[in-house]
């Protein structure tokens, strides 16, 4: 078992994927943006019925997915064929007293390598954008549980996060 | 109390900071990249004494800080005067059985608005880069507790995250 | 009278503005995205109040303003202090049988040179984004009357487009 | 009939094109940069045959075509196989008393989706660059009639702008 | 014999490669970063056994290869499948009294055109980064002998630099 | 004497320049693009007076200077106030039988740190662009003698390359 981005001498490089097949691949990632309940209510009320904060975060996350190879040094450039983001707000209730927005990013490509990093990048930049747009009222927001949920396609096969 | 990035009609815009003074500002953010203990040991052993995984993550985080206004839509461009990243590995012990790397990002500017987003961006992209470089051995890594720890300077004054 | 971006030998360069004062500057530009009346109604119904076509165009225009110096070769980089975009839909009426969205971009900086190009870039990229999001139903849309409306600040003084 | 970039809930996303065939596609767009006759003469004398204003605009438009997916949020990244720009100056004559440069952009790809946005982006950024390089002598220039002229290839078939 | 990036009228364009086959291609480029012997020793000692200066230069060169089409105007975007950089330090000896680091960049793609420019870009940006990180102690460093060493694949066939 | 981009633990960071004064700074760099005499003649005939190879290289170098902080990891972003490039062709003569183009880049800023890297980046990317546009006829071209010639301004004072 070894870290494939490190070459024989311990130096990083962008691993050769030239021999891999072009296959359909998908990755789904999630993250949770925690905030005060009042902040979440402001997002829901102020940002039009469906709220501009999330509209901006959605555009930001989608655009960021396309920049992944420009952010994560050893990532290969890929022709993304689909990027989408979903936001699921959770207001405090008896089962869970916390307020947060669950962010889910889905990315697809037809390519030689997977899109895990693109899905994770979409989720984190969407989260950062929510922070930016609400920080004037809630500087203590935090992003948690950013992780890959599932990937399909490619030689290493399918994978699902086990809780 | 209102969300300053939304104008009167609920649309987003980049708020006017032209009237603000140019002052020295600093922001510190942190995040925690959780992984299997074995993965953390590989990073420490394989990546040379101090390990290339972290060297790459450090460069990635610093470069990402400079791209913040290109990632987060309503962020103002700023002349960053300092960016640094620190990594503190934690191996499982009796007090805390989890393995993780604590990432801390510090950013400074002399400008009209703060660098909170830049510090948070540095931390998250460093985290994503660690994920990318280790994902072949540990796809279940997750990034938690990404938050602003402290900011100083600017009209809104100093602020510290209260645990 | 000469073209200041061309040097003595007819070659382009980024003109020296180092001796100029840093002053507050503003530029306002507009453009008109023409379309079928049915397309405009779809934007208003499907979008506003859900408003997504214009929400996406707005984010795109604001982000593009920040990239102006990366698009227009001889533009100086500038610290923009404000960017906003407004959209005014016009449905056919007796006075004017055409359907269009009037796009207005406003940009401010405190700097050594003006933000005319940033305002024009915001407007055109917002227009291109509207085209992109509606092209499946109306490939014949066109962007007209992209022009600087007004600029204030700087040594060359204020200027207003005369109709 | 619906706007394909909006999902079921009215939110924007990058539509899935993974199932589409990779075919040869071409798009041609045009726009018209209007100016004072004197400005056009200056471009021709100072520039053509030294031609630098148009040489710079041409490089800017070609480079911008490659950035389209970074400017227009829901655009897919594409491997462009050709980009070219042509400029046709028109000096006032009896039939048409206006002075302008007709800009034509042609883009080709072998891909899963069309290059309309790339052709339109090349034309508009070339136009903005002409404005930038001449604005010291003619701030009233305006860009009109930016539109798709023709597209070929892809499932939706060929399309031509009907005057 | 003609310069293929210039069209019939002497204007530059991105040449049409749509008809070319997608084949595996590789390019290798080198360059030599000359410096004072003392500077080279500092890199070797201070930057950990293999030294952080080179770790940063390596990341910079790899990331730059991915930006080639955004730097060199007439370059086609390409899906790089591999990028690596090697550094070979040379301390003064009897045969050669100069001190330098030989930089070698290797790039591969499966595409319609070659990756010569990507390999050359990786080498030069790695060189610039070494300069940047050492300039406080040795402003007189210089980059020499940047050239393509070898290319394979594509219709024009294999090619090797002849000394 | 130490390498200022490496912190106490040998890790790279973007050094703090917040305490430095904003002063006028200039840097001049040069490089030499060697080629076959026939290639240089083609550039001069096909290009100059139509000059397109150099016109494209000039735009590329100027745009690259503005991207320096996005290419060289530890570079600070700076508001460049001037960028220019000059090309001096040398055809073989008795004193020097080689054919080359001497590239000179001049960059100015009013800022807290110098523009050496920006001048060097302008020169190298201009050189790479010449290579790209001529490589179909002369793959053996090489870039030599890339170096800082002079810098003025800043606390470390003026500096000139001593031959």
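Lettered A, B, C, D, E and F in written order, each chain numbered from 1.
Methods note: a residue touches a chain if its C-beta (ideal position, glycine included) is under 8 Å from a C-beta of that chain, and two chains touch if they have at least 3 such contacts.
The structure presented is a predicted model; accordingly, all values stated were derived computationally and were not measured.
K.L.:
Tell me which chains count as touching both subunit A and subunit E.
P.N.:
The common neighbours are B, D.
K.L.:
Could you find the chain whose CA centre sits the greatest distance from that of subunit C?
P.N.:
Chain centre farthest from subunit C's centre: E.
K.L.:
Looking at chain pairs C-D and B-F, which one is connected by more C-beta pairs in contact?
P.N.:
More contacting C-beta pairs are found at C-D.
K.L.:
Averaging each chain's C-alpha atoms to get its centre, pick out the one most distant from subunit B.
P.N.:
Greatest centre separation from subunit B goes to chain D.
K.L.:
Just how far, in Å, is the C-alpha centre of subunit F from the one of subunit E?
P.N.:
Roughly 15 Å, centre to centre.
K.L.:
Hey, how far is the Cα centre of subunit B from the one of subunit E, in Å?
P.N.:
That pair's centroid distance is 31 Å.
K.L.:
Distance-wise, how many Å sit between the C-alpha centres of subunit B and subunit D, to the nearest whole number?
P.N.:
Centre separation, subunit B to subunit D: 38 Å.
K.L.:
Of all the residues in subunit E, which ones touch at least 2 other chains?
P.N.:
Residues 11-12, 48, 50, 52, 55-56, 59-60, 63, 67, 70, 73-74, 77, 79 of subunit E each touch two or more of the other chains.
K.L.:
Chain adjacency by touch: line, ring, star, complete or other shape?
P.N.:
other
K.L.:
Hey, which chains are touching each other here?
P.N.:
Per the contact definition above, the touching pairs are A-B, A-C, A-D, A-E, B-C, B-E, B-F, C-D, C-F, D-E, D-F, E-F.
K.L.:
Using the touch rule from the top, collect the residues of subunit B that touch subunit C in their complex.
P.N.:
7, 11-18, 69-70, 73-74, 76-79, 111-112
K.L.:
Quick one: which bits of subunit F touch subunit E in the complex? Just the residue numbers, please.
P.N.:
Residues 1-6, 10-12, 31, 42-43, 46-47, 50, 52-53, 55-56, 59-60, 63-64, 67, 70-75, 116-117, 120-121, 124-125, 127-129, 131-137, 139-148, 151, 159, 161-162 of subunit F touch subunit E in their complex.
K.L.:
How about subunit E: which of its residues touch subunit B in the complex?
P.N.:
Against subunit B, subunit E makes touches at 48-50, 52, 55-56, 59-60, 63.
K.L.:
Note which residues of subunit B are touching subunit F in the complex, please.
P.N.:
So the residues of subunit B touching subunit F come out as 24, 50, 54-55, 58-59, 62-63, 66-67, 77, 79-86, 108-110.
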